[in-house]
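In what comes next, chain A is part of two complexes: it sits with chain B in the first one and with chain C in the second one.
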Partner chain A sequence: MSRAQRIGIAFSAFIAFAVGLITLLSLLLGGRPELYAELAGAPVFASLMTLPAAVMLRLVAITSAVTIVIGISNLLYVHLGRVVRGAFFSIVMIASFALTIWWYWSKQGDTSLLAAVQVPIESALAALLFLSMVGGGARVLGKRADIWGLLFVTVLVVVLLGSLPIESLAPVRAWSDWLMEIPVSAGARAILLGIALGTVVTGVRVLLGQDRSYRG
Partner chain B sequence: MTEGTIALLSFVLTLMVFSYVLGDLPLVGHLYRTAVYIFVGMSAAFATIVAYESVILPYLQDIQNPETSWTALGNSADVAIFATALLFGLLLLLKPIASLSWLTNSALAVVIVVSAATAVVGGLSGTLIPLVVATAAVPDGLATDFGALTNTLLVFVGVVTALFYFQWQARRDDDGAPVQSPVSRGIRNFGKIFIVTALGAIYATTMLTALTILAERIGFVFQFGS
Partner chain C sequence: MDDSTLHVYTILFVMITVVLVYTSRYFLARRARRLSQGRAPGFKRLSGWLGEAIEAGRPLHLSFGSAGIDRENAAVAAAEAELFYHIIKAARSGDVAPVISTSSSATVPLCQDTIRRAWDGDDRRARAQWFPGGSRSLAFAAGLTATMQVEDPSAHILAGSFGPELALILDSAERQGQGSFAVSDQLEGGAIAFAMADEVLIGEQLFSAAAWLSHESTARADASAQDLWRGLLIALMAILVLINVAGQLSIASWSLVVGAALALAFIGIILFRRR
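== the complex of A and B ==
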């Protein structure tokens, strides 16, 4: 690695640390005048503290929109290369993209194409998910024939049966309701807490420069 | 587009997607893939439209009007923010040039750390603190209601042991192999009951949603066909 590249990496790390720290402090301390109750101009100061985060969030919002456009341009570029070689599905993809853009602009924002094409395909794909999930549930018992696989399938069956509007299944529905209220609630809370802890720890690692995924 | 055309297109595309069930037959397999590529092309187009019309265009219109400002810094600051964002976008294009990749990385660093800072604050104030408070909260009248007391305790113990399940602790035996203490294994297994139960219920509710959509699609196909 050359000296210039090392300086470049150090520059990126410094920028990341400074911007991250300023944004974090602004998000935590901004817009809360009660924190500066002893200061004379507490509301004004609290409002000023929100400025860095507001600026950074707008900057990132616009940059993200630009990166989406760049990413889609890259997708089109790759498929255009395949169109030259006569790839049928790439032609379909490019034609679908071009038709949608043309339709939207020529019909002044008409979204009927969304209702006619996008929604039915999305719905049909979501419907196919049911078949895949039934297969997946059956495979759990086949490949994990232990107490945990059995518990998973039992809960699955109880919740499915409990959702049926059949009078004779009222006891199962009571079981299903209890499951959803107590153990499922506890498990889901733990999973959400785990995700939040993971997010916070990863975020702090990025802010401290321990995790420098932006180095590429 | 008329209602009839929309219904006809929906019918054809639904059948094209459902042809997946028939497997990878010579012509039928192409129908499913064609529908998926149409979907990808259209999604990319709508993503472009949304990115342009909902984000880039409003900001572009705002900076052209000196009377409006996003922040207390005035319109000139808005212009600077917009120009910087466009510059960041352009810097991303320099990624393939190795000697200039530090410029791309600096732009990416800003995007990543701002997202990380937002995620830290959002994770703390939006999930961690409210969930911990809700789990540790003691409802009124617990002393007289044994059922509610048991349920509250079960939720609390469930959350704590399920969180413990994610933490793997062990000591090494004489051969250097990791060995878990029976107590630790017991707590982890108790927590695993809650995790597996939650995953089973989430799986079941997702299946119910997919089943509802499947019933609606099949109903639509038969209704259109008749």
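== the complex of A and C ==
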């Protein structure tokens, strides 16, 4: 790695660190005059502290909007490459893209195609999703022939039976409610806590410029 | 607890995490190099999939789902980019570059950058593929399953943010005889992954997955910082529960509570050592 590259890496890591730290401090300390009660112009200072975060978040919103263009370019690039090889789905995709653009342009912003095509297709996919999930649930014990697989299926069956509107299944419903309120709720919270901790540690790694994307 | 106190605690939490990350990196630098990949949870079949991809000239399919660097789950995208880097590097001796898919347009540059760093071959630009997510990511799943019939990957490594749409992708993989590894930051995605994927990771393992594949001490040190925080949190919750029980039950004397705390700590240490 050349000296110029090393300087570039250090510079990008420094920029990331500085911007990240300033935004974090601005988010945590901005807009809270009670934190600077001893200062003379506490409200003005607290308001000024929110400025870096507001600017950065605005920049993120603008950049996100621009990345839609990157996404569409990528989609066209990938599928045009496949059209040359005669991929049927890619031909349909490119034709649909062209038709939608033409429709929107010639009908002065009419979005009826979205309602007429995409909404029914997504509804059909949601129905397919149900079948896939039922099929997957039925195959659990084939994939995980252990105590955890058995527990998973047992809970699944109890909760499904408990949700049926049949009077004779009232005891099962009580079990189902208890499962959802105590063990499932506790497990879900534990998983979410773990994910939150992982998010903080990863965020700190990125904030400190230790992420691989800053290493050139 | 008022907002100002909460803010102070938040700042303290971030600062302590910074110290923990650096401390772990310092102390675990040597120990981490001795960790064996054989202990990696959820990666038992990965080497088989990699071998199949290299021998048959088929790609691996890696997916971020809807995790995006412009969204609230940016940390998930960053963590999985690291995991994908190590997987692509392991597949580097093959002829066909892995495909990375995402439904977040802002993540497309991250996909391309990950492939650029880990893969030396040609046509790397077309290996990062974006599919519009739609309101429930169903359009993403539909586009992905159609494209995967063309690419014919040996396996799917789905690590990122997935909801119920994961069922469609895993069902398609199952029908085509392709292997699948899945982990998601969403609870619905995690449950579907457990039921339908060949290999699965749960919850916070999402963030430490790269550490198991990496030979770099820093990755393992970051995972250790996370483990340490989790341990502290569990200990704190256990102590609060015991104090609460001691205050409510007449039979629970302080000596009994201390005994129970010691027993719990002992069991915790044994379980931690046996992982």
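Rule of thumb we're sticking to: the second predicted complex is superposed on the first by the 202 of 216 C-alpha atoms of A that agree within 3 Å, B and C clash if a C-alpha of one lies under 4 Å from a C-alpha of the other, contacts with A are read in each partner's own complex, and residues count from 1 in each chain.
Heads up, the rule we're going with is that a residue touches a chain if its C-beta (ideal position, glycine included) is under 8 Å from a C-beta of that chain, and two chains touch if they have at least 3 such contacts.
Given the structure is predicted, the values throughout are model-derived calculations rather than measurements.
Touch criterion met: A:L128 reaches chain B and chain C at once.
In the superposition on chain A, A:L164 contacts neither chain B nor chain C. In the superposed pair of complexes, A:A95 makes contact with chain B only, with no contact to chain C. After overlaying the two complexes on the shared chain, residue contacts for A:L141 are found with neither chain B nor chain C. By the touch criterion defined above, A:M56 lies against chain B but remains apart from chain C after alignment on the C-alpha atoms of chain A. In the superposed model, A:A174 lies in contact with neither chain B nor chain C.
Looking at the shared chain after the overlay, A:L35 reaches chain C, while chain B stays out of its contact range. Judged by the touch definition given at the top, the superposed model places A:A115 against chain B, while chain C stays out of reach.
When the two structures are aligned on the shared chain, A:A87 is found in touch with chain C, with no touch to chain B. More residues of chain A lie in touch with B than with the remaining chain of the pair chain B and chain C.
Shared interface residues of chain A, touching chain B in one complex and chain C in the other, are 24, 28, 60, 63-64, 67-68, 70, 72, 75, 89-90, 118, 121-122, 125-126, 128-129, 133, 137, 152, 188, 190-195, 197, 199-200, 202-204, 206-207, 213.
Those residues of chain C that touch chain A in the complex are listed here as 3-4, 7, 10-11, 13-14, 17-18, 20-21, 70, 73-76, 78-79, 81-82, 85, 105-106, 108-110, 113, 117, 125-126, 128-132, 134-136, 138-139, 141-142, 146-147, 149-150, 164-165, 167-168, 170-171, 174, 185, 187, 190, 192, 194-196, 198, 202-204, 206-208, 218, 222, 225-226, 229-230, 233. Residues 24, 28-29, 32, 34-35, 60, 63-64, 67-68, 70-72, 74-75, 77-78, 81-82, 87, 89-90, 118, 121-122, 125-126, 128-129, 132-133, 135-137, 139-140, 143-144, 152, 188, 190-195, 197-208, 210-213 of chain A are the ones touching chain C in the complex.
Across the complex, chain A meets chain B through its residues 4-5, 7-9, 11-13, 15-17, 19-20, 23-24, 27-28, 47-48, 51, 53-70, 72, 75-76, 88-90, 92-98, 100-101, 104, 110, 112-131, 133-134, 137, 148, 151-156, 159-160, 163, 179-197, 199-200, 202-204, 206-207, 213-216. Within the complex, the chain B residues that touch chain A are 1, 5-6, 9-10, 13-14, 17-18, 20-21, 30, 33-49, 51-52, 55-56, 59, 70-73, 77, 81-82, 84-86, 88-89, 92-93, 95, 99, 101-124, 126-128, 131-132, 134-135, 151, 154-159, 162-163, 165-166, 191-211, 213-214, 216-218.
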